[in-house]
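This is the structure I want to talk about, given as structure tokens.
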Amino acid sequence: MAIDIQPEKVKGPGGREPGASRPARPWWLRPAIHTAVAGAVIGYVVGHWLGNFLGSNYQQLPLSDSSDLPIVLGYLLAVVGWIAGLGVFNDPLRQMTGRPVPVEEEDASAAAGLARYFRYSLDHKVVGIQYLVGMIIYFCTAGLFAMAIRAELLSPAYHIFSSSTYVELVGEHGTMMMMLMSSLVVGPFGNYLVPIMIGSKRVAFPRIEALSFWLTPAAFLILFSSLMLGGFPFGWTGYAPLSIQATQGADSYAVAFGLMGISIILAGFNIIVTVICYRAPGMRWSRLPMFVWSMLATSVLMVLAAPVLVGGMYMIITDRTVQTAFFADQLGGSSYLYQNLFWFFGHPEVYILALPGFGIVSEIIPVFCRKPLFGYKTAAAGMIGVTVLSFFVWQHHLFDSGLNPDMRPLFMLTTELISIPTGLIYLVAMGTFWKAKIRFTVPMLFALGMYFNFLIGGISGVFLSDVPADTTEHGSFFVMAHFHYTIMGGLIFAFMAGVYYWLPKMMGIKLNQTIGKIHFWTMFIFFNSTFLPLFAVGLAGQPRRVFEYASNLQTINDWVSISAFCLGGSILIFVINFVWSTVIAREREEGNPWQSRGLEWQVASPPPPGNFARIPVVLSGPYEYGTPGAPPVADLNPPAGVVAAAFTGAPTAAAEA
Amino acid sequence: MTQTSAEPAGLSPEAEEAGFYHEAALNATWTGARLAMGALSFGFGAFVFAYFYLRSLNSHGRWYPSTLTGPHLWAGTLIMGLIVVSAAVQTAVLQRIKAGHKTAWQRGALVALVLGLAAVGLQIWELLNLPFFPGAAGFASVFTGFYPVYLVIALMAMIWLEMLIMRCRPIAEISFVEQPPTFVEAFAVQRFQAALSAFTVVWNYLAATAVVAWVLFYLVH
Amino acid sequence: MSLPVRIATLLVAFLAVVGGAVFILIHYLLGGPPVENFTAGVRPDTGAQVSVVMQEDPQNTVSTRPDWVSYFIKSPTTGAWVHTTLFTVPAGSRVNMTILGYDGCTPLRNPYWGRVTGTIGNVIRVNGKPTSLINSWSGCNVGHTFSIPALNVNVPMASPGLTATLCGTSPCTSGPHKVVTFSFMTPRHSGDYIWQCRVPCGGGFLDGFGGPMQTIGFMTGSMQVVA
Amino acid sequence: MSAAADAAPPPAAPAAPAGPNHGLRIFLLWLPLAVIADLVIWIVWGPHLPPGTMSSSAANQQFDIKVMAVLAAPVMIFVLTYFGYALIVWRQRDGDTEDGPALHGNSRVQASWITITSVIVLFLAVFGTVELKIANGAGAGEGPSPIWKPGGAPLQVQVIGQQWKFTYRYPQFGGFETTQLVLPEGQWVAFHVTSLDVIHSFWAYQLGVKADANPGVDNVAYTKPEHTGGFVVRCSELCGLWHGAMFDYGRVVSMSAFRTWAASTRVQLAAVTRILPPYATTYDPTVVPQINKAMAKAGIGGANGYYYPPQDPVQP
């Protein structure tokens, strides 16, 4: 993607520290994506050999191509080689050997032009763009798998793909969407916008942030490579005896998902610390934009839930390679252990996917209603409530599994309780609409679409929380329709709202609004026309992930399939609009096209290096629309001494070690 | 940035910002260490959950069959002891560097590093010489699953300690006694100190984890 | 970058993406083993007979999975052994199956599948001896099953003895094996009838090994009935 | 910030003197729609909601779905009415670039919203629990020690999942195993669902029974078939390649027909029943004493034959 949106980086006046200067190397020796690829290839070969070598000394391993150790070690060392090739280890190695570490702003990776997007860049704005393009690519890839699934479901009898390919497609689609889309908003918008929204010139841990991005292509490619190993036949959930029984495609699944777990831990870690520690003077918790609240809540879920996923994936790998027996009941393990670990991550995961959507729409509606956000504290409380409750609902995925029947009323209660904080998000929206002056811009349309879709998704979720009703609905297309309404209808619509709203900010480029409206209406209509009938399909008894279904459901399945293709066409309209506007037309957008009070809109588009000329001092909340006499959101050029007064110790006072 | 600390009142905008982000970085180190411990707790929690879950299920009576030879108590105790002593030494010499004695910390930290690496090495040896097969029982699985993870995290902590030792070297001993004359030096010292206290917290946390794991895996199973 | 350069880059990227997608689609998603056609010259629904000969090997050295247990079908036209599990038969006719069982034994996870069903007379012949039930748990005598669930066909696949030295290269031409023959009638309407083995094939795995059992071309496939 | 705003006079209160009473209008729009929707759901749609009334648990699920639909419809219609009204009435008019009124919140509205949603949620939780209890677990798998169970002696039917077929054992009739699922009418049935390999899920759609088949687990679900007829059994947990083809058809017949069927099937399958392992709630297919003995005698070890690794102390 040809996106050079920033003027050439101005070198710092002081230049490089004398000790940190390095002789300029030819471009092909400088760490970038090509050295990463080379490192990955070398790593894979070494790991594969090592696996075979270790395996040959280990009597219990099947010594043949059905052995998993070479594959897993190959993948792991390929990842190490990949990030080593990117230069991730350079600074730590310098530190270990006592050599000076270059100041990150002046690092060679901050080079200008397109090349910086293919490097381990420490600039949060570069990482944001990398994430944005990456996420759109991942989303479209996984979306193509969905098209293939629906193509197969056109007929209950005739098969386009063989059933093994079909099961592979289902697994690839589900896993790719669930694991990679967890960073869909935190990655691009979180990394790019959160520092600007809180008035910071930088993030807390730029290396961790950049690493979190560079793990995503590795995870994506590893998951994709599963097709070469025969795929994996167990969907995105990877329930244990099946994932232990399956072939090496399952190794790709476990390594990729575990890797992505690490990536989202790192991404969330950086966001949390940045929000806590790097807020500008005057950016009190009560002035934090709703989007930042949602990023914070999402990041907490990421940092705390994903380690459990990494643990679960690790156990799958050890069960498959060194023959532990975590999930084998004959040897003292239990398949329920996996289900518990997976869903302890898996349910927070679905809120990792939902909360950013709440954040984006809550951020956008006050701008286009020209009113303050109704019940700011309520909205923040709603997000915190969802965050906390989401750790206590995981067993509702296991209502039929035979696990802990005595706990069912409890999990039924906690699951239903979560609709209270979710309802607050609707209260906030409805209050904001009251007597508003609603402007139907493209971002606003997508935000409205999100509210409409998530309403259906949320209410169908209440049906699923009731154990008797869930008995019929669980594992059927009803569930499938439900979570597509919350994730696709919620998150993806909100993401689109965010793209149309913030792309002018991030790239300084206008997206075509007419095509945007066509995109919205096609996507909204075909989304509903795809997934609404699936509730009926599910209630009529069609289980998920089947490739043969009752012949009397063919008409409705065909309807759904054709709608799904049209939905895919609508996404294609978006891609064309995106590529056309950013690569070909490149119509400049510099000001504040939405007349937003958000702090991010008070600086140039795209923001200059360092975001702000001076650390801004925040004077009021971001949603003070229609408030006569409201102070501007921030003083971008504060008088001397104001910033100094904002931190406890003047730089002379020694901080306690 | 060559202003001296003698002019705190009329800070230039650059110095103001440098000071602001310096303090933010110190806070970030503190916050990050706590957050990392939270994430690690959930990661270890997966294994603790597995431990208690499989133990309570005792599927096919094979959580810890009577015929299973447990891991070597001496090895586990030694590994745990090395880590705890390493953490204790490091914590003790932290007080020395706070009191201004850089070399005392350097020596103690080196000891802590060697002890920690010894624990890591011994742990690798133990895993390569287990008296049971990884899939022999639920206990055996959790044991062989948990310790490699712990091992990697402990190794990373030791790499961190080594970095701190290297970072400490160029700092003048006097800087730990009194405020250095320039911001650049003062910031370097304070960031080092912040990183050191963050490391201490994390390493003590890992030592506590080692004790808990030792109790679970060697004493009570 | 100038506009023509951007457009050219875009075109190259677009072609690369489309090319990659097409390659993956054709190479990984639409590929599959060949289909052996047993319908040539046979009119459906006449009660005519077709003969299908297959062998079941302990390995498949002609594939990328050399240690996977696998079926081969004897091509009706060339007589060569083909690495596939897909074949077509005419509707409403009698299929005479001959399966050469070269693979060693694995006890059925559910001994119920030692019972012969769905064949004509509910009987099979193992080396010529009529059999309708094999106790796979009493000795090493069964390797797999040949089952067509939709036709209720279930045939335990007899296996050479425990101590036999199994044939080592596929397709097997010599080595200890058992010959299982049986017949069944195909339905009168066309359709895709999957067939499978009811044991996750592969000893030494607690939950069985899902590889060959779940890969078309090895231990599962489909029988297309052509009306 | 919002503390001050909350204390301000509630601007969303009905009937600001100049403008129309938006709250009343929305209410009047909502009320008939909600009433009509609920009546349609309860009277017209309700009796046809899945999964039907073929068994006690199915009827119970249909009732639950009906009740929740009746509760959900007004909520949904309220939100949609409000949104529709807002988008039409409060849209920006041409040439109007003013901002809207600065409403930061309204503590009365917020408190009532939270109260109403809490009441609905708590009602649903209590309702679900009661329904779960009176329907004896509502047809969901309750694990090896069910806490909601019918009295008397239900018919025991074991459901064994294996890739990719369910088989059924009738322990009260000599423990024969068959691929046919036949149940008597008007008799409580206890399904003991287990698996021999991976996780399956036994879903008898019209009976409203769904229970996961876990290896090594006896998952019990209860239902009482109320009408004779056929029903579909599907696997509803992805279990590998032919998951989609893992279905069959069961029958509910009269008690006497069931007895006849059971007796004749028992005789017919006597030969195969003899070689089956004795009826148990779970099976370990890796323990086949004769085979393991035979393999050990032949010197086959490790990955080639043993189910358990040779170091394993419990290896027979």
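A, B, C and D label the chains in the order they appear, each numbered from 1.
By our rule, a contact is a pair of C-beta atoms (placed from the backbone, for glycine too) under 8 Å apart; a residue touches a chain by one contact, two chains touch by 3 or more.
Keep in mind it's a predicted model, so treat the numbers as computed, not measured.
K.L.:
Looking across all chain pairs, point out the one with the most C-beta pairs in contact.
P.N.:
Counting C-beta pairs in contact for each chain pair, the top pair is A-D.
K.L.:
Between chain B and chain D, what is the gap in Å from one C-alpha centre to the other?
P.N.:
Chain centroid spacing, chain B to chain D, equals 46 Å.
K.L.:
Between chain C and chain D, tell me the centre distance in angstrom, where each centre is the average of that chain's C-alpha atoms.
P.N.:
Chain centroid spacing, chain C to chain D, equals 36 Å.
K.L.:
CA centre of chain A versus CA centre of chain B: separation in Å?
P.N.:
30
K.L.:
How many angstrom lie between the CA centroids of chain A and chain D, rounded to a whole number?
P.N.:
One centre to the other, that is 30 Å.
K.L.:
Which residues does chain D have that touch at least 2 chains other than itself?
P.N.:
197-198, 215-216, 240-242, 245, 284, 286, 302-303, 309
K.L.:
Name the residues of chain C that each touch 2 or more other chains.
P.N.:
194, 200, 204, 206-208, 210, 214-216
K.L.:
For chain B, which residues are shared contacts with two or more other chains?
P.N.:
59-60, 62, 65, 133, 135-136
K.L.:
Which of the chains are touching one another, listed as pairs?
P.N.:
Per the contact definition above, the touching pairs are A-B, A-C, A-D, B-D, C-D.
K.L.:
Which bits of chain D are touching chain A when the two form their complex?
P.N.:
Touching chain A from chain D are residues 1-2, 12, 19, 22, 49-51, 57-58, 60-61, 64-65, 68-69, 72, 75-76, 79-80, 82-83, 86-87, 90-93, 96, 98-106, 109-110, 113-114, 117-118, 121, 124-125, 127-129, 131-132, 135, 137-144, 146-148, 193, 197-199, 201, 203, 205, 208-212, 214-220, 232, 234-245, 284, 286-287, 302-303, 308-309.
K.L.:
Hey, which residues of chain A end up touching chain C in the complex?
P.N.:
1-2, 4, 62, 64-66, 114, 144, 148, 157, 159-165, 168-169, 227-228, 230, 233, 241-242, 244-247, 325, 328, 330-331, 579, 583-584
K.L.:
Please output the residues of chain D touching chain C within their complex, sorted ascending.
P.N.:
Those in contact with chain C are residues 160, 162-165, 167, 177, 179, 196-198, 215, 240-242, 245, 269, 271-272, 275-277, 283, 285-286, 288, 290-291, 294-295, 298, 300, 302-307.
K.L.:
Using the touch definition from the top, list the residues of chain D that touch chain B in their complex.
P.N.:
Contacts found on chain D: 216, 284, 309, 311-314.
K.L.:
Taking the complex as given, what residues does chain B use to touch chain D?
P.N.:
Listed in rising order, the residues are 59-60, 62, 65, 67-68, 132-133, 135-136.
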